[in-house]
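Next come two complexes built around subunit A: one with subunit B, the other with subunit C.
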Partner chain A sequence: MSSKTKDKKMTGNSGFDPTRRSFLAAMATAAGVTLAPGVVLYGISRSSSANAAVSSEVRWGMLIDLGRCDNGCDDCVSACAKENGLRGFGRPETDAQWIRKVDIKNPETGYSKSLPVMCQHCENPPCVDVCPTGASFKRADGIVLVNKHTCIGCRYCMMACPYKARSFVHETLEDQKPHAPRGKGTVESCTLCVHRIDSDRQPACVEACSDTGGGAMLFGDLNDPESEISKRVANYASQQIRADLGLNPGVRYRNL
Partner chain B sequence: MNWRHICITLLAVMLIGIGSPGAVVFAEEGNAVGNSLLPFIPMGRGNACVEDTDFMRRNHMELLKHQRDETVLEGTRSDQYSLTECLDCHAVAGPDANPVTFADSSHFCRACHDFASVSIDCFQCHASRPESGALPDDHQFSGAFPGTTRVKGSE
Partner chain C sequence: MKPITYSELKGNSKPFYALAAILAVFILIALACAYYMEHSGHHVTGMTNQIVWGMPHVFAIFLIVAASGALNVASISTVFGKPVYKPLGRLSGLLAIALLVGGLIVLVLDLGRPDRLIVAMTSYNFKSIFAWNIFLYVGFMVVVAAYLWVQMERRMNGYTKTAGMLAFIWRLVLTTGTGSIFGFLVAREAYDSAIMAPLFIAMSFSFGLAVYILILLAAYHGSGREIGSVVTRKLGRLLGIFIGTVLFFTAIQHLANLYAAEHGAVERFILLDGGIYTLLFWVGQVVVGGLIPLFLVFRPATKGASRDIILASILVILGGFAQVYVLVIGGQAFPLNLFPGMEVSSSFHDGVVSAYAPSLPEIGLGLGGVALAGLIVLLGIKVLRFLPVSLADADIDPHHQAANSGS
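And then the complex of A and B:
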């Protein structure tokens, strides 16, 4: 490769590469396969591909059916810890937890339930509002993340989150998972297994729930009217936790 | 020239005379695979890197920074300039045949960064070795400089 080409590549403003963009556009067009005159299948338009930027046409969400979630089961919690390399230091107050089982009880009737709670991936996330560096951000497809390269560990987002979904890393970490970088001095939370989603897989908790749990968790695109999650949300009553705050979480619950 | 200058010059000549043989011996002992004072750089898997070696030496940090922003903010996960891919090819086997971490001075990144006295923060958060335990059999290491060839298991 000549040095001229290299320079061109390096100085491109924040890496916009017209050749690649046009190639991707061509690929997207080519993916619309004509089956018969008038019948066209668009395969790529909604699915994420490893090389394409995420699009706001998709809004990832989760529906958790508490009727099928057993009080004593924590397969989702352990699957999350395994997938993302979360390890405790024997200090439950400060150990990182991306998903946890919360016990609720109605004092009048005595009815109790344990529900999995993680980052609710709000449409209007308060953690993003308060972040002083812009590290807390919402991806185009609705996933709320921390950019740890810019996080200064101030923990404002932890104060702002009404779901207590975020953790601060207090300890020096070793042997992190290659797909889940995490380190001391930054805030973290459920990423909805963004590395899996980017390669068209389901989050680890959802997979574990359907494999060994009760199959209570359903993951999908809330913007796609044909997706299973959209159909269920449309046909059955579901709730958001603290819906009164108007944050419009992407995680919804049934039979709460 | 006064006496002071003469003394300093003599002292300097003596120090150089004493220091030089010592430095050569140290280089030979410290670097068993060659007499070069340059850092020993373990060569990665495969025939070629994603760019020319000279280009990578000067610009790898820019490529990584650029790719990191695209991946975190936009979800673009191209393999080409990803840190994970770097580490997959440039993993260095330790005595137990497992890839070493950044804590080990034979780690690929440390070979140059120690030499250039540049400290990097990448591995405070990122994994510094591939997740899958032992390296594949075809993973060979050889020096990047002539005369420093080393093959896995030959030492």
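And then the complex of A and C:
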């Protein structure tokens, strides 16, 4: 290094440079302005369960007491349709149904019953096993969902589901609910009203059943021994649909 | 045995271009059908929330199954060491790739979101047999292309046996995968069985060979090349064995189900009172696609005349479509059994046999896949040396020649 350049450098280091100081101040301000809203929002978000990480310590489930479920009542079905923006096109074979009332009758004894059937949110869901892209997935808290961004519409999950719980969107949709996005050409099913659960509310069907129906549906954490649902399944006999398949559904029935 | 000379189709014949144009029109119609279905949504098809896989799947599965079977002719020469089949090997590989491409294009264009094909190529769930099949299909094309290359490139001929063995194993695994798409469906009574894999392999042998025979004879008759009765007779007898194998596995499939009381209802549906499905099973699959072609290829009176072999091949293909239709559509039409022993009804078609009527766009899309496979073969034999110049008896079978001169 020549002595000339060395001198120049020395001068630069020891001298006061107002441009540099104001530049640093501006940078600090800019960084603060940029980061602050994020920090504030992060703080707000942490205070709400909507953005809390989903934990496998919880397993959401439902107990449906058919002793309280009236044959003619379909309040759960209409509440689901309203909540999730499901509208029929007058084509029953292709219109989506997330929850339906199924009438069963024992041909030998004549015993008959009507019960709501929806995605059973299995512990070992066949729809998740068969999905080629992983769009069908089970959340850590046991809710089985479809990722609408990666579903290619192959419908293999519909072939695999033993409960006929899934629908393929056969038409162009309009006026969707922001909390329940749907898409033509993809598969969908009951989300257990995941948007409500994430803000500490009950699924719409459960709420409707308790408000205007028979109060047959009980929603809660099957992993928490202190929850009402855990106490009920511990004290009374409950059934799963097609329990023989070993899928361990999260939806249980009483008096089936 | 004389050295085999292969050549491209020569000249500029009008029928060649006419055929290519017709196939291209079918492909364009299929694209229009696919666009219509995707644009309007699948409600314009015959498919519903009950019958989720319709006519396009019938075409796609037939073509994919036939693709792996079409490769058998090459395998018999390379893997099982039968020199008479050697001249037939190149066309076998080309046809296998062409049928697979045709089938896959139908499958992809019937997706709810075919625009997301890239998702299927980049995002995998390895527990899914569907995801495995994506690898098996793409890998099959690569392996068979390599197999063709080592057959056609003189310097690489030494690797033919290795490539042929790899392709043969790959095709067995591939068809196992295709069958297991159904075999792994635990909740569907018509499927849920390990026999689906060997049944599909048997179907592939039969359908693939039938398609091969027709394409081979069409190519030779169409281009004015000679093909003798030695080749057709051998292929005909082989087809007979494969037809018998399909009937055997079909019988075992239904007998095993009939033995279990819980499957009584679904068997009754397919075999006895399933309407169109029962008709297609007995008349389409068993009689037209099984017993009649079996009689045609083995009847002593004609000793495998090529007219009989051609007719048998056509019937095997028709019966094959009937079989895949009964399997795919019939299996879904039978209701899921949510509550065993109960009578079930709902607004969502629980407990009832679902209706399905294929729509024109679905059939158009399926035929487009067939046309694409045809066009690939047609262009392939036009530009590359897939076909031997002659398959006359004297050219491929020294014993035939000796027998003639000795008599």
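Before moving on, here are some points about what is shown:
Keep in mind that, in the parts below, the second predicted complex is superposed on the first by the 208 of 256 C-alpha atoms of A that agree within 3 Å, B and C clash if a C-alpha of one lies under 4 Å from a C-alpha of the other, contacts with A are read in each partner's own complex, and residues count from 1 in each chain.
Assume a contact is a pair of C-beta atoms (placed from the backbone, for glycine too) under 8 Å apart; a residue touches a chain by one contact, two chains touch by 3 or more.
Fair warning: this is a prediction, and the values are worked out from it, not measured in the lab.
After superposition onto subunit A, the modelled positions of subunit B and subunit C are compatible, with room for both. When the two structures are aligned on the shared chain, A:Ala237 is found in touch with neither subunit B nor subunit C.
Contact with both subunit B and subunit C is seen for A:Thr186 once the two complexes are overlaid on the shared chain. Touched residues of subunit A, counted separately for subunit B and subunit C, are more numerous for C.
Legend: residue contacts after superposition of the two complexes on their common chain; A:Gly153 is shown touching subunit C, with no touch to subunit B. In the superposition on chain A, contact of A:Gln176 is made with subunit B only, not with subunit C. In the superposition on chain A, A:Val194 makes contact with subunit B only, not with subunit C. Distance between subunit B and subunit C in the overlay is 11 Å (nearest C-alpha pair, rounded to whole angstrom).
Judged by the document's definition of touching, subunit A residues 172, 183-184, 186 lie at the interface with subunit B and also at the interface with subunit C. Those residues of subunit A that touch subunit B in the shared complex are 1, 6, 10, 14-15, 48, 50-54, 137, 139-141, 145, 147-149, 172-179, 181-184, 186, 194-195, 197-199.
Against subunit A, the residues of subunit B that register as touching in their complex are 51-52, 55, 59, 62, 66, 68-70, 72-79, 84, 87, 101, 124-127, 130-131. Of all the residues in subunit C, the ones that touch subunit A in their complex are 38, 40-43, 47-50, 52-53, 111-114, 116-117, 119-120, 123-125, 127-131, 134, 181, 184-188, 332, 336, 338-339, 341-350, 354.
Taken together, the subunit A residues at the contact with subunit C in this complex read 89, 91-97, 100-107, 117, 126, 128-135, 150-156, 158-164, 166-172, 183-187, 241-242, 245.
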